[in-house]
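For reference, the structures are reproduced in the following blocks.
Paired with subunit B in one complex and with subunit C in the other, subunit A is shared by the two complexes that follow.
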Partner chain A sequence: MATRADVIEDFGHVSRTVGTVFRYLLLAATLFGIVALAVLLIYVANDAIQPLTADPGWHLTFFLTLVVPTLAVGGYLLRTDPASARFGAAVVGLLAVSTMFAGGAAMIFVDIVEPVTWFGYVLALTLALAAVVVIERFDRRLPFLARFAAAGAAIVGSLAVIPGFVQSLPVYPTDGIMLTLALGAPVALAVGRYAAAGAGRRGTALSVLTGVAVVGSGAVLGPLLAIGAVPATVLLSVAVVPTAGYAAGTVRRNADRRPGLAFTGVVLGGTILGAVAVDALGFAGPQSWVDWGFLTSAHSGTAADAGLYPAIGGSILLMATVAALSFPLGVGAAVYLEEYAPDNRFTRFIDVNISNLAGVPSVVYGLLGLGVFVTYLGQPTGTVLIGGATLALLILPIVIISAREALRSVPDEMRQASYGMGATRWQTIKNVVLPRAFPGILTGTILALGRAIGETAPLIMIGAPNVLFSLPTGLSSKVSAMPLQVYAWASLFASEPFYQAAVPAGVVVLLIVLLSMNSVAIVLRNKYQNQQ
Partner chain B sequence: MSTDDLQRDLTRRTENAPQELLTRSFFFLCAVLSIVTTVAIIVMLTTEAAKFFSLTAPLMGVEGPTASLVDFLTGTEWIINNEQFGVLPLVSATLAITLGSAVVAIPLGVATAIYLSEYASPSAQRVLKPALEVLAGVPTVVYGFFAVVYITPALRTIVPGLGTFNMLSASIVVGIMIIPMVASISEDAMSAVPDSLRQAGYGMGATKFDVSVGIVVPASLSGIFSSFILALSRAIGETMAVTVAAGSQANLLNPLNPVDYLEGALPMTAAMVNLLTGDVTGGGVAYRSLFAIGLTLFVITLVMNVISDVVAQRYREEY
Partner chain C sequence: MTDSQEYASGESTDDPTSDDMSIETDVSESVSSSPTMHSNTVVSAENVDVWYNDEQALQDITLDIPENQVTAMIGPSGCGKSTFLRCINRMNDLIDAARVEGDLYLRGKNVYDDDVDPVALRRRVGMVFQSPNPFPKSIYDNVAYGLKIQNKEGDYDDIVEESLKRAALWDEVKDQLDQSGLELSGGQQQRLCIARAIAPDPEVILMDEPASALDPVATSQIEDLITELAEEYTVVIVTHNMQQAARISNKTAVFLTGGELVEFDDTEKIFENPESQRVEDYITGKFG
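Let's turn to the complex of A and B:
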């Protein structure tokens, strides 16, 4: 009996040491990369912003006005009412991200696209769309090709004639008014409909009009406050109106989230109060390299004067080109593969081909751009158009793969129901499949654009200049980009001052843009997953 | 509406109506664009590279200096100004980067995958997965800057003889960059292992450690290997981090000798960037050498991607 007891004893003893050690080793390995990157990011942020150079009084003031109240209100809300706390934080985040995008948009309207041109094109598109609606309503029994040709003619004709006509007018409204009509009004229309959803016609009209009025007030007050009419209207229509509309709409539908606005108020109020107090008490802020001068000046041979302005503008234009090219082409390919393609050898070949293209190094895409666009098609090197086209080809496989995933997640019952009601295939795709898959497609596209905005090698390959002193003005002008400028500073101007000042500042700006794009995508994805 | 109209409306065939045809052909063209891209890459790389080699240049009708294929593949000197195009130093540097990054990324990536699939709670997964995605999302030129400015000085406290530009810190940042790739593909493979296998292990009295190492990892080995190959192919094609961090001296290295990592070298991708940021004018022999390296790179990564696909497909354990 004694031996058996030993055996049982032996079974009862399982050493937990190995398992525990293994578990913590795994955790350490998982955290290694994340912690390493976090440390590097702290270093680079410290080099770029230099928070320790600020007056201790500056830190103390902001600690008292911003950090303490935010922590107090946030902590209280998180414990009593987490949904409101999340809502308040979302409003703050939306305001921060949209203000950043508003800065980019303001840059476009100040230096690249004149408000008159924009106004002309928006007017032309509006009239063309109105014409298309009239043609569609006119008579359904008209043959499709005739209607299609008429609609196409209306769009092309209006785009060809009206912008030129508007620009040739001897007298036109001020920039502020034109932007209010051509940028503020469409935004207000979308935001107002969201904010007043379910409130009936009058409520919607009222909230849209409020939005337009707010943007319009920027056109009037902007010059008086020395901001300028154009930046003021852009800021109001891209950042303030959407954020306010989101907050108002959410509070109207879920009244119990109202306390969340207290959090938003504390953050905004604390920031403003802190800024006023610091100014009044004369405390100096940190000597940050990321400052207004860095964001608005061009490259310079001395690190302290070097700025990122042309590179930021170039990146914005490149992203617009890439999005315009890769979104329709990528979604189109995904729709074909998911909705139309028969299961045959050719489809499988396209399938394998796309996944292989996703693994081709980015320099090779750069060579493709260089060889095809520059050598064979004879385009000038380094322009916005070929840079955008090359980057679009680079991210196309990623867009296609993520769009296919989004299309695949649309349940088949919805398609069957649509066919059952007599819809054709295209009607089903247009009215059922695409709207349902749209958030997923958008998320994938934003993530892919985030990849494109950080790419440098293809731009070097197509001959984008390392140093550019002015903003690109159109599709055929030379372009620089943020990562390219950072590369130029880090390698061609490799010296201690650039490593200490310009490069960290450029890296911080680039990472802020990237992280905010990624966070938009992640928030969209979470919202979309919760809805399903 | 008369019955005739109704009849026509109910029985019309929509498959080939103009609207349907138009949209379908547009979508088809979008899908075909991917094939056009591949064909364009292959045709362009091979024709331009053919103009570079003296063996094939006459066929392309190219006059002027060329390089011999044998010298290209076996030469040990890469000096553009002397028109010495030996690709071996570049290949050795690329191999060194690949090997160095594999040493960093493979153990960490596999450990991350095991932790995420076997140990992490769902809430920990929700935090860790996006954080790992950020690792892969940081632009590679930023990693290169990190390597030169922060990692190299930090490593110098341990390894005093380290040059400003060196392969060691370049390999480390490339390794960190590809951790998420190894981790996410391996984790997918591990999550696909059916729970019944794990339950059987526990039923035999195995501990969680035994189940993870003895059952889950062997069962998902094909996925893990395919993740290695994909991640290494990414490391081979990695450009900006190595261009900034590895220097521009084309040295012939021995990738297996750790001492060689202390100095700089010129991987293939960095050589391509250096060719273009230097004074290369279009059409010269140096310009064409660009396409010869590009072709080498494209073939290597393509073969690795195909192998990874085959490994994942053929050696998958079906449950």
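Let's turn to the complex of A and C:
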């Protein structure tokens, strides 16, 4: 000790060369991925939308009416009030995504499910639900099995009788009114309750009624604006009312977020103003391949006339089938494995196999679907049901794994607390574990659906037709899907115009659908994380 | 399930504090002979052993926990005091490796009898855990949880209000019953957990180091609350804080390493004049 100097001259240096090299290598890897993706997206989007074919005046007009005000207001808000800025952007995003979903829903109600059928089933479900509530309220002393049987009978009976009865009526209301009641009213009920939460019964009733009235106006406004009563009603109930309800509810609860609405107003106003201005000034827009015609027409031999409409509808129907099959099966398996199954060699064996199944190539699942459903069960090839079942098998392991992850993230203290209160395992799972894990389960399922929507190989294997000229109308009709249609354009109809026009346009539509599904999952996940 | 309902409903009409439910054991007779010292025995352990796999966590525990008093369990980490607490409401059943032997009576009924449904048992025993663990539900739903799952009769609004008042939380949350229980501070969350535990009116309240995750102010609030609760409930509390045990408990059990109950007596006696040298060493801080 005594030999040490009293004053330290220099601490010396520790080499960081390796660390620095490592850090920049990682940065390079990250940048490579991002840049490659960005270049690919820009390349495809440029081919599909062709922004450079527009008049310079068109660009200038939108630059002045939309881009400049948006940047100015958005930048100002971000500096002074980031929470409001995020809120404003969320409203714009919600409107954009929900408008897209409204397009899909409108497609269903125009071409697949008659509004009267939908009305019949919603009415049947409502009546059945009311019957179940009455049974539960009326006598809790009835044995569980009796209540269960009565509730089951009410649901099955109502579903079996009422839709047929409604359809056999000689006169029924117009499509717009039926959709307002069967689609708009439930949406308005949910949105109104959210918007007026804590405002008392009168406030809630008022906001629900407002929602119904807005949806109802679609039946009048639709024909006036030349988009038809049904699409207008769907658009109002799926996109406009939820967005407005979200904005109104948030502003009512957090008055200081109000400036965010300015951002929303600038974006919407700028878009409308720009559209009116370019129309009035006669500037031509870009000759985009993704246009109204592409979205609403079927395949054609000439690239310029080819459209994606039947494939979009097919993808929607496939996704509905896949979700209906894989969600209950996957979540059920996950809950069993996570909450009930003992930890032994057999369950560990199953664990490993589920993980392996998640990595099996999709073409193998296609073969499985062909072998099981078509060859063994003798189903016709290429139907919505077969395609949906095959894709559901494909994503089932992913759904199980992500649902288990969500269940595992529920802290064990919650379960302990519930058991400590004298809850049974079923009560604990129903009241504590599932509500807490549900957003995570939903996020995982949506991301898995995102994988299913982009699959081509299984659909080819089960014999889905490459080209379809009309929307599938039921579970047993032939189905095509967006990636299959794009594949057909790129292989069967391979020619310069298809490569340059239809293929990129199809890819862009597919990507937009995929990204908006994922954005829903991301929003859910963020909301979930904030709550913890 | 039917057994549990019978067990739960068959006796729920009885007044839980009525004397005819007390058991005729040596202890309760000796209690009746010296009424100034003790009231009735609520929980009575006889030769309880607990193993985790092959490792013995509790050795031959015998003790009687009196009614409407605070009984503290103290001892160094790993001495088995929490394990004993979890024997009372059979939470150890949830751990596959745990095995319990011996007899443990709750108001005269051996909770390890074959016909006892642990779920029905836990409905009569409230439990508060080490770290506050309210459900991610509203404050109201947290307190009403036990009532709902047990299908209790009565006006839930009144019971929730009464429980929150007893847990000294009502004044702070009465305007925000719809708010999530997770938005409260740590001390408030723990009082919410206490309100949740007392809402179904249990026979005993078990507390597993209820203040160890809290700051001194919240700790002192919880301690005051425990003292008040003991007027109506039998409280068993595990703590590693000896001063806390000395402040709030009427009786103290000292567990030492190896899962041994070294001494169990009135708190004053334990802290002022313990029989065992080891207990004195532990209390005066010579080890542990």
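We adopt the following convention: the second predicted complex is superposed on the first by the 508 of 532 C-alpha atoms of A that agree within 3 Å, B and C clash if a C-alpha of one lies under 4 Å from a C-alpha of the other, contacts with A are read in each partner's own complex, and residues count from 1 in each chain.
The rule is short, and it goes like this: contacts are C-beta pairs under 8 Å (C-beta built on N, C-alpha and C of every residue); 3 or more make two chains touch, one makes a residue touch a chain.
Note that the structure is predicted; figures quoted are calculated from it, not measured.
Asks: Figure out whether A:280 sits in contact with subunit B (first) or subunit C (second), or with both, or with neither.
Replies: neither
Asks: Between subunit B (first) and subunit C (second), which does A:224 come into contact with in this model arrangement: first, second, both, or neither?
Replies: Touch partners of A:224: none, neither subunit B nor subunit C.
Asks: In this superposition, which partner touches a larger number of subunit A residues, subunit B or subunit C?
Replies: The partner with more contacted residues on subunit A is B.
Asks: After lining up the shared chain so the two structures overlap, which partner does A:420 touch, if you call subunit B first and subunit C second: first, second, both or neither?
Replies: A:420 contacts subunit C only, not subunit B.
Asks: Once chain A of both complexes is superposed, is A:255 in touch with subunit B (first), subunit C (second), both, or neither?
Replies: Neither partner.
Asks: Give one of first, second, both or neither to describe whether A:396 is in contact with subunit B, with subunit C, with both, or with none.
Replies: first
Asks: In the overlay, answer first, second, both or neither for which of subunit B and subunit C A:466 touches.
Replies: The answer is first: A:466 touches subunit B but not subunit C.
Asks: Look at A:377 in the shared chain and tell me whether it touches subunit B only, subunit C only, both, or neither; answer first, second, both or neither.
Replies: In the superposition, A:377 contacts neither subunit B nor subunit C.
Asks: Name the residues of subunit A shared by its contacts with subunit B and its contacts with subunit C.
Replies: Dual-contact residues (subunit A): 424.
Asks: Show which residues of subunit B lie in contact with subunit A when the two form their complex.
Replies: Residues in contact with subunit A: 14-15, 17-20, 22-24, 26-35, 37-38, 40-41, 44-45, 48, 107-108, 111-112, 114-116, 119-120, 128, 130-135, 137-142, 144-146, 148-151, 176, 179-180, 205, 207-209, 212-213, 230, 233-234, 236-240, 243-244, 269, 272-273, 276-277, 282, 290-291, 294, 297-298, 301-302, 304-306, 309.
Asks: Taking the complex as given, what residues does subunit A use to touch subunit C?
Replies: 140, 198, 342-343, 411, 413-414, 416-424, 427, 431-432, 435-436, 531-532
Asks: Report the residues of subunit C in contact with subunit A in the complex, numbered from low to high.
Replies: Against subunit A, the touching part of subunit C is residues 1, 89, 91, 94, 96, 119-127, 129, 131, 133-137, 145-146, 148-151, 178, 180, 182, 193, 196-197, 200.
Asks: For subunit A, which residues count as touching subunit B in their complex?
Replies: My answer: residues 11, 14, 16, 18-19, 22-23, 25-27, 29-30, 32-34, 36-37, 40, 43-44, 143-145, 148, 328-333, 335-337, 339-341, 349-350, 352-357, 359-365, 367-368, 371-372, 374-376, 393, 396-397, 400, 424-426, 429, 450-451, 453-457, 460-461, 463, 466, 483, 486-487, 490-492, 499, 503, 507, 510-511, 514-515, 518, 522.
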